[in-house]
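Naming follows writing order (A, B, C and D), and every chain is counted from residue 1.
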């Protein structure tokens, strides 16, 4: 976890305080359930709630763990210091450490998912607003970095919206998948604990009981969760790369907002660098790098080995904190992004008129010219534009074969931009609904 | 694609013949739609169907591509050789190569998904059958590779069933996500083609029109698809590792079926090696290795660059063919797997009675012994079993403090195995339904 | 292996014919050594060489393997068909399959390394030639995609040269690391075979005996090998990205060579797309994706498990074939790349004079202006150039404070380009030697 | 960075204090060099050393960065607070932020490499000691988890030694590769700074000047560095997996040292779990997951983009800290590991005598039996041992065909263990030298 790439709300989910709080709730609710089943005395269950408002002392727990070398036992020992060791003696009865650890981890991941879902919703709102704003802002579409045909800036925002909307659905699925708990004992047989304890604890924590667990909750759930984060991070990179391209000196169709106090470079004061989106590109690499380790965690030995734990101690916080930060940063970038519509227009004329070549090609074929001949006609004129930056329309008007096929008016008609934007409303309706 | 790790049905999806067949259908259906809209003459659309039963000549298309260096143009040229170049002149009109390539790729991925779904269903059937068969077959559950408490072999199969059932759901989601097509032109604006052409083609091919495409279908869909394959591969490894552990000489609780003609090793004829599941472990690594490249494909430049293409030419076939093979191989392993119930029983007695120690611990606390004292009582007797392989029950019966706390009958009661299996039915109901 | 991304020489290393040829040589040389040690009769060793010029029948070996399910036994059976089963009966004596398989794999990887080394040498030659050619070709250097200060195209080629030269050294190290063989028996103890057999076979095949092997050669060697390929692939991407940027419409400082028959796009005939370097970008992702599976292969169980095998059957050929193809393709791109020096010059004037701002800043500080003031002076003039594309030099000449600090001549002096290229010779000497 | 998986010395390399200290030294040495060249006044260079013993105030620098949004400027501003802003005004002259940042990063990585090299040396010492100690400790070698032939525990330690020794060499190469610095200005042309400044600073910091840099040091160096860490991590996993297998209940040939205060599990007090090596398995996944992000960092745009920075801020510390911790932990495990020689012996007799079957096979062929017949003879007897756990030797002695071929004494001779260990000295000499 890198402080500069972190936001407090997500960080707090992963604090020791939060973790111990969740552990406490699991144990306390489990005691309630056991008391209701008559397995432990009601007063002992009630006694546990004495610690309800306690902020657990992380340093003290660490101190105990240094001796016991076992985190859950250290916590339980500390809990007994608050509740009284006599009263606390039924706490955790019939449970195994992983019942607490795994259920708590999934509570944390579920809460993290809630923040990420809210992040995505915020990003979607920003993307939608900018899409509407620039629905009709003409710019050139590019394939291979090369000018192709006109499109609009609104369509660019709209496709990022659609992509992030898919990510929102994926994130919701991932949240649903990870929202399970297990209180099933040492090998998952409920030998020493009634399944109704699990049901009660899960219900209180907003989880579904894991249908079948071993000592642990199966890690394919976590793998799917982190894989989803990896996909979302890759989409963030997708948007970031677009912004970085737009901001490069020769293109300059857009730019990250540049606050006045900010210095772009110690040496070149005029430089407005797309540092936020470059940063997002790097953050995407980080989150992606956590996907395979999460997948390697799936194949645990028999009813569990603990190899997954160190991986999750790192990627649990790191992936969610980094992605939360990245989504928030991207939302800010989109929200305040500068759009240079004049440059969009002048860029389209880098090779004047050439972006209309496909349309001319089509018009020629439709006018009865063979595909090969039409291709040749367009190509010979296009190459002149390419080499001498002359105007494509004028070249065509001076090309007898083209004029013979299309007529002068027919040629002129191919350069009407509205032709390219006529379906923008249709596409927006498909993306945003009517 | 490695022939020895391939099955013909999946391989055939990725053959050039299949690809050209799909291309053909896209073009032909697009002509129909354009004819219906009055954009091209009906007879030209009809003419295209003359090639309906043609097997396209891959070598001839390759030959043309060697000149044009463009695969779709090569195909269209060859198609014109069948349909007649005059009749074929409206084919592909207003479309861009990616309209064909991307829609075709998604048809292939969708068909691959259908096979993988069927594979998973087959695997689930095998797992369910074996789970039912061994529902009550007692074996020791292990955490950290160390004996913990009794469980049953049926529970092992049942948890793999539950995991693969989640994978089936993930695969269905992935199929749904990838089943889109796009016929939207050079930058996705439908400038030269009516959106109704896309709608018609997609409907005929069983796809949903991509709500907003550029020149290409957005690659987050493909990233999510391959990530799902990576999760499934990791689950395959999970099952494979269990089998490998069961088969190791000292454990020998199960084994891959061993056909008579098979030689285990050129040097050690008696060896029955778990080579199939070791192979599956390796195949899982391969499929996982394709996830990050698929994610790196998401951030294409502007309306597209073609960097994704080489990645997909390799991982499209390789990931689906490998996973199909792996699922089929695993199904065979599960189906015919040998289960050595006697060894399960003798393994449980490696340290006689020690697997009951947690239960004894619990009984002691319930009898009013403090957690720390109970722990100590169990530990001192357990260590003797550990060191001298004496019987745990007998140790306890000879330990005055334990007898004082539980009574002799109370001690005996802790060694009843039924205690550990009493919730197996409950768990089975949760996994398989009632 | 994708035929279109493959070259025959590298492909042939991985053919079954090549593999069986290497197996044959291992067995035959091993027989010689055993005969020399008096372990087997000399005539039997000599008899094996009867098959010296045989092209082994792959189909026949596959047929035998279908029965025996063991590839080495299948090969030995077939070999006996050539040599005579009586004469062949000492072949492979005391050896284990992996002695053959692993030694053969390393022969293949060593040969693949030789090709890759030659590829890198070819690429270095092309880079050096282009570097010399464009040593003094001025273009703007960019950080963050934003104009920074002048540099030369020769420096760009030179840094790719230096990077690829490091890769050459890495590749040589990787080759050295992988050039080991092992003939050490079932668990590496030489129980049934004299270490001198290993020494003889390795010497004949150009390998070093693995100092300590188990049944297999340790896989950290292979992991380091494939990791090296991943680094090289990433460097290829680095060069490819530069070319792609240079070719984008607004930049157009360079382009992949465009042959006349080639069609850039079915729809936009004028488009000269950087498809080769986009392809290289994708190929880099593929090779990188094979690094982690190779690393996961390191941790085999005890003296070996066979999980590495399926991984290597795929990535052995795929990584080397793909990288060989990519290096050759990149060499072609560099060799024939078009450089548009005029566009380099006009791009530098996108914001006239602004690339000199750092130098002006420095001149101001050196003239006694405080860092903060100098920054402010440069910034206010730079922003005007940024906004109105006016000439930076003229702005400065009209700024009284700047004139007061530097004098008019002092300002003019900052716009001398030679200032930026004065150390190019020094750098070239560091890269290419004197 | 996870505190529980960190060691202070490595952590301190990555502290802000260390970083600012290195930045300071770079700037101060650069001033010296510039003064020596007459570029800045000597007294200003000397003045910078006034801060020689200052502990920079991280909080204050962060405060300034919050305004300037630029870390190097913030540092320089703070430095001026110590040195005096008049005196400090030539600090950083002609340099660009990356000159400082990149050179400092490589200083950190070089120092981290030194620790890792020392770690590996410590691990090698432990492995060597245990190898010598157990040179002749017989245990069964296993392939596929199945008993193969006898080997010794010393050979196991020796092969880990050889593997880690290769890793030591790789780490030294990686250190050498990363030990470069660059003070070459905004685009690497030395326009505003003399190359002799770079030479001086590098010499003082123990670095080699980067032959050709842009704004940054090329990232293929870092990719190779982190790839090396990934290989080492995979070797750690290799050793860890061996220990985990040895410790599993049914095998129990070794165990991690178990301190008395440690509680193995909250529920099963007798359990001695291999938690350290399971932990190492997870840590290996983490380090491996950082390799591909480091490789993705290679392809920066033009003379640099800053996408690499966030990646390195995380993986720089995380990979080195994690690997340092893992190496130290593994050294402790090896150093104190319990070896259960009696269990090694009893495990070898799981299927009495069967581990000698390859040798019998060989003896039969050498006695003139055809390969196929010998195979059949061994197989039929081996299967009985497999099924009924009878003694292999006795089976053979009762098999007329075998007795006919080998004689009774000949059969007995095959069961001499010394046969398998006769080359241990040879192998040790190859690994450890004479």
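The criterion applied here is as follows: contacts are C-beta pairs under 8 Å (C-beta built on N, C-alpha and C of every residue); 3 or more make two chains touch, one makes a residue touch a chain.
Chain identities (UniProt): A, B, C, D = Adenylosuccinate lyase.
Just so we're clear, the structure is a prediction, and the values are computed from it rather than from any experiment.
Identification of common neighbours of chain C and chain D yields A, B. In terms of C-beta pairs in contact, the better-connected of the chain pairs B-C and B-D is B-C.
If each chain is reduced to the centroid of its CA atoms, chain A and chain B end up 24 Å from each other.
Annotation: 32 Å between the Cα-based centres of chain B and chain D.
Residue positions of chain D touching 2 or more other chains, listed in rising order: 142-145, 148-149, 185-186, 244-245, 263, 265, 267-268, 273, 275, 278, 281, 288-289, 291-292, 296, 301, 305-306, 358. Those residues of chain C lying in contact with chain A across their complex are 140, 142-149, 244-245, 247-251, 263, 265, 267-275, 278, 292, 296, 347, 350-351, 354, 357-358, 361-362, 375, 378-379, 382-383, 385-386.
Against chain A, in their complex, chain D makes its touches with residues 1-2, 4-5, 67-70, 72-73, 76, 92, 95-97, 185-186, 244, 259, 261-263, 265-268, 273, 275, 278-279, 281-283, 285-286, 288-293, 296-297, 301, 305-311, 313-315, 318. Within the complex, the chain D residues that touch chain C are 85, 89-90, 93-94, 141-145, 148-151, 155, 158-159, 162-163, 166-167, 170, 173, 177, 185-192, 195, 209, 211-215, 218-221, 223-224, 227-228, 230-231, 233-235, 237-238, 240-242, 245, 281, 284, 288-289, 291-292, 295-296, 298-306, 358-359, 362, 365-366, 370-371, 419-424, 426-427, 430-431.
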